[in-house]
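Okay, so chain A shows up in both of these, paired with chain B first and chain C after.
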Partner chain A sequence: MISALGPVASDLGANRVVRGVKIPHPCGDPTLDPAGDHALRVGLVKASLDALASKLDAARIFEAAR
Partner chain B sequence: MSGKRLELRTFDVERVAFGERTALDGRTLTIDRDEIGVLAASDPAFAGVDVQLVRPGEAARIPQITDVVEPRVKSGGPGGVFPGLLSPVEPVGSGRTDRLRGVAVVTSGEVPWLGAKGLFVAHDSVLDTAGPGADLHPYAGLHLLVLRFRFAEGVDHEGYERAILLAGEKVARALALTAREAPPTSVETRELGRVDASLPRVVYAYQVQSQGVFLRSRLYGRILDELMPVLVHPNELADGALTSGGLGGHGAKLHTWMHQNNAVVEGLIAGHGSRWEFAGVVVHRGHYYLYEDKQRVGLRIAESAALLGAQGAVFTLGGAGNNVTEVMLAIQECERRGIKTVLITWEHAGPDGSDYPLPFAVPEAVAIVSTGNLDEPLSLPAMDRVVGDSAIRARPEIGGVPFPIDRAIVLERRTFYAGAANPAGFGRTGSVES
Partner chain C sequence: MSGLRVVHYLNQFFGRIGAEEAGDHPFTVREGPVGPGAGLQKELGDAGEVVATLICGDNRAATDLEAFGAEVEAALRAQRADVLVAGPAFNAGRYGLACGEACARAQAMGIPAVTALNVENPGVELYRRKTYILPTTPTALGMNETLARLARFAVKIGRREPLLSSAVEGYYGRGVRRTQILARPAADRALDMLAARIAGTPFVTELPLPAVDRVAPAAPVPDITRARIALVTTGGIVPKGNPDGLKQSNSTEWRAYPIDGVESLEPGRYESIHSGYDASAANANPNYVVPLDAVRELEHAHAFGALYPRYIVTTGVGTAVVEARRMGREIAADLRSQGVDAVILTAT
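Take a look at the complex of A and B:
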C-alpha cells in the first residue's frame, strides 16, 4: 500500500507500506517539474516492487529512494 | 501560569424582541432590527441581510450556518473583543468583560459556489432548535438572532469568509454594549493564581480546524493554516482571541461561541486550585498533509506540556478525519514523558456503530471519552419554521443538488448537522459498549 500516512496504514493492517508524498497526492508531487515528478513516481513503483518481493516477519514501512 | 485577571460580568437575557432601540432593560433585550441589519450588511461582500429571531425551544430549522457568537464587549482593561479583527492587536484576557448570556448571534446564508472543488467548498448545513436535533448542540436553549446574508457578486471565497466572520462579531459586540448601564446578574473573577504545589498540573491541548477557506480558525486575527502549537491563556479565549467561521465540517465544527464558552476550559477553571492547577491551553491544528508535520505537532504539544511542568493533558479534536493523527502522536509523546492523557473524541464507527472508531490510534491512548458516532444517520422531524430557503445544497462539489429541508429529513451522515459530533463535549451525546 502506498500511503502518505505510513503508520496509519500499518495500524489498519497493511503489512507492506510504501511511504507516499502527501495526503492529497501520495503518488506524485505537483511542486516538481515533469522530469522530477516522473523520477519520483518511478522510485515509488520500484520501492513497491521491492516491498512485494520482501519476506516479512512483521509489518514494515518502505521508503522510496528520493 | 498567572498574571491575567479577568472580571467576567454576566448579564442574563430572558426575553428578546425587536423594537425601536437596541437596549437592555433588566433581562429584556430589545433589538432595533434596521440598525442591526445596516451594521451587519455594511461590507461590500453582502447584497443584503435578513434579520430574524428564534426563541428558545421554538421548532425552527436554521440552514447554512457559518458561525455562532456570544455577545461580549470589554468594559475595562486593555484591548477589545476579537483582537486582530474588530479590535487592534493588543493582549486580551485581563480587565473587565461584559457578556450577554441566553442570546447568541448566528450568521448564515447561501455562499455562492464559484466552481470550487474538493474540501474547500461552501458546505451547507442545518441546525434544529427543537426535537432530537436540539440535543446535539448547545444553542437550543438560547434566543438566536439569525443574520441571513445575501451575497454580492465579484467577491471571492476568502472575501465572503472574512466578511461573514466580521459581521457576526460586530453585531455580537453591539448587542453586548447594551449591558454598560445595567446591573450584572453575576460577576466572576478569573485568574490562574498560585495554588497548592501538591496539586497536579494540567494543560488543555485544544485542536482547532484551519486547513483553508471555510475550514478556518484565527488567533488574534491571524489565520492558523500553518500553525505550530502555541500557548494561550484561557482568559484570552473568553475575550474572543480565537475565532471560527466558515462553511465546512459542520458535524465537528467549533463555532466562535464554543471557543468563548469551551466546556473543557470552564471545567478546568472550575477545578483550578481545588483539584488541579490549570497550566494553560495549547492551541494547535490537525489535518496536516505531511506525516512529518503531524509528528512536529505532536512533539511541540508534548514539549510545551513538559515545559509547563504538566502531569496531565486533556485533548479534544477540531474537525474530523486524519486530524486524529496529530492528537494521537501528541498523546504518545506526552505519555512517554510521564504526562497522563485523556482524549474527548467523536467516533467514525460506521452507520451502525460497529466499525473501528478512529482512523488512527496509539497504544498509549488508554483514556478516551466518546461523544458519539459521527457516521450514524440522523432522522429529524419537520420543523414549524425554516429560517432561510426551503432547500440546501447537497453535493456542493458539483454546484449543489437541492435537498429539501421544509419536511422530515434523514441525514445519512452527520457532517451536514451543525455541532452533531459534539466536538468539545458540549452536547449530551455519548456511546454505549455492546
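Take a look at the complex of A and C:
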C-alpha cells in the first residue's frame, strides 16, 4: 500500500506500507522537474515490489530510495 | 396517561408462519401480539399495548430491503404507531437486517424504534447509527430478559423521555455526540486518568478508540519477476466524465477499468472525483494517484511479471468501515479469480 499517512495505514492494519509523498499526490511531487518526479514515482513502485517480496513478521513501513 | 400504541416486527419463524421454507412469505400484518409479542405485552404492562404485529419472510425482506421498508412505513402509518419494537433477532443475519431496516424507516418517519441484536449480527454495524439497538445473547436463550429490556426502552422512547448516553442506557453507540457540562474540567479528569493508568488502577476513557482488525502479514510473493500485479486505488481516479457515476464520498461501489495497452494515465482522459482531497495535482497528472507510467516502465524492464489489464477504483472518503470491508473482500475475490498474485494499493 502506498500512502502518505504511513504510520496511520500501519496502525490501522496495513502490513506492507510504502511511505507516499503527500495525501493529494502520493505517487509524485509536482514541485519537482518532470524527470525527477518520474524517477520518484518509479522509486515508489520499486519499493512496493520490494515490500511484496519481503517476508514480514509484523507491519513495516518501507521508504523509497530518493 | 393512556398506553402507547406499540407495533412489533417479527420474521416468519418467530411470527409462527413457518421455518426456512417460509422465507419468502410476503409482508403480513396481524392484529395484536404474536409469538414473543405475548412476552413483550406482559413486560409492557399498562404502559403500552401491542396493537399489531408485522411479519415478513427473511428472504423476502432481506433481498429487497427497499420494498420491505416501504411496506413497514405503510403499516406503521395505518396502525398510528407510537413506537416500533423489532425482534429480537439475536445473531440471525437476514432477520437482523430486516429489524434494522424496519427501525430505520420508523425513525425516519419520526416514530421511535428499537431492536435487539447480538454484537456479531451484521445489522448492528449497518443500522446502529439510524436506530436504537440493544445487545442480546447470540441465540434465543436470552429471549425473556431481552424482551424485558426492549419493553422498558420502548416505553422510554415512546414517551419521548430524554435518553442518556449509550453507555448508561445500554444501546449500541450511534456515533452521536452531545455537549454535557460536567462538574470537573477536562484537564482534571485527564490527569486523574493518567494517574490511574500509572498506578495500574482501572479507569474509563471518555474517548474509546475504534477496534481495529489485525491480520497477519501475507506470505511474500515467491518470485516477483513472474508475479501478476494489479493496481487498486481508493483515490477516486475514473475515466473522464465518471461514466458509472461513482460516488464522490461515502462510497459503496468499486469499478474496474481497462488499461490494456495504456502506458500512462493522461490528464484529460482520467480525473479524480474524490471529494476528500484537493484534486488539482491528480487531475494534472493522474499517475500521481495510480502510478501507471512508472509501473509500465518497470514491467518493460522485467522488474515484475505482468500488470493485470484493469485497474480497480473506489473513493475512500467517509466510507463506512463495514462497506470498505465488503468491497475489500469482493475486490480480493475478483482479483484472485483472475490469477492476480499481488496488489499495489494507492490511497489518498
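By our rule, the second predicted complex is superposed on the first by the 66 of 66 C-alpha atoms of A that agree within 3 Å, B and C clash if a C-alpha of one lies under 4 Å from a C-alpha of the other, contacts with A are read in each partner's own complex, and residues count from 1 in each chain.
To be clear about the criterion, a residue touches a chain if its C-beta (ideal position, glycine included) is under 8 Å from a C-beta of that chain, and two chains touch if they have at least 3 such contacts.
Given the structure is predicted, the values throughout are model-derived calculations rather than measurements.
Trainee: A:Glu63 in the overlay: touching chain B, chain C, both, or neither? Say first, second, both or neither.
Mentor: neither
Trainee: Just checking: does A:His38 make contact with chain B only, chain C only, both, or neither of them? Give me first, second, both or neither.
Mentor: second
Trainee: Which of the two, chain B or chain C, is in touch with more residues of chain A?
Mentor: If we count touched residues of chain A for both partners, the winner is C.
Trainee: Which of the two partners, first being chain B and second being chain C, lies in contact with A:Pro7: first, second, both, or neither?
Mentor: A:Pro7 sits against chain B, while chain C stays out of touch.
Trainee: Classify the contacts of A:Pro24 with the two partner chains as first (chain B alone), second (chain C alone), both, or neither.
Mentor: In the superposition, A:Pro24 touches chain B and chain C alike.
Trainee: Considering only the contact definition stated at the top, list the common interface residues of chain A for chain B and chain C.
Mentor: 4-5, 11-12, 23-24
Trainee: If you look only at chain C, which of its residues touch chain A in the complex?
Mentor: Answer in residue numbers: 212-221, 224, 227, 229, 235, 277-282, 284-285, 287-291, 293-295, 297-298, 303-304, 342, 344-348.
Trainee: Flag every residue of chain A that touches chain B in the complex, lowest number first.
Mentor: Residues 4-8, 11-12, 19, 22-24.
Trainee: Over in the complex, which chain B residues touch chain A? Could you list them?
Mentor: 289-291, 294, 322, 325, 356, 359-361
Trainee: Per the contact definition, I'd like the list of chain A residues that touch chain C in the complex.
Mentor: Going through chain A, the ones touching chain C are 1-5, 9, 11-13, 15-16, 20, 23-28, 30, 38, 41-42, 44-46, 48-49, 52-59.
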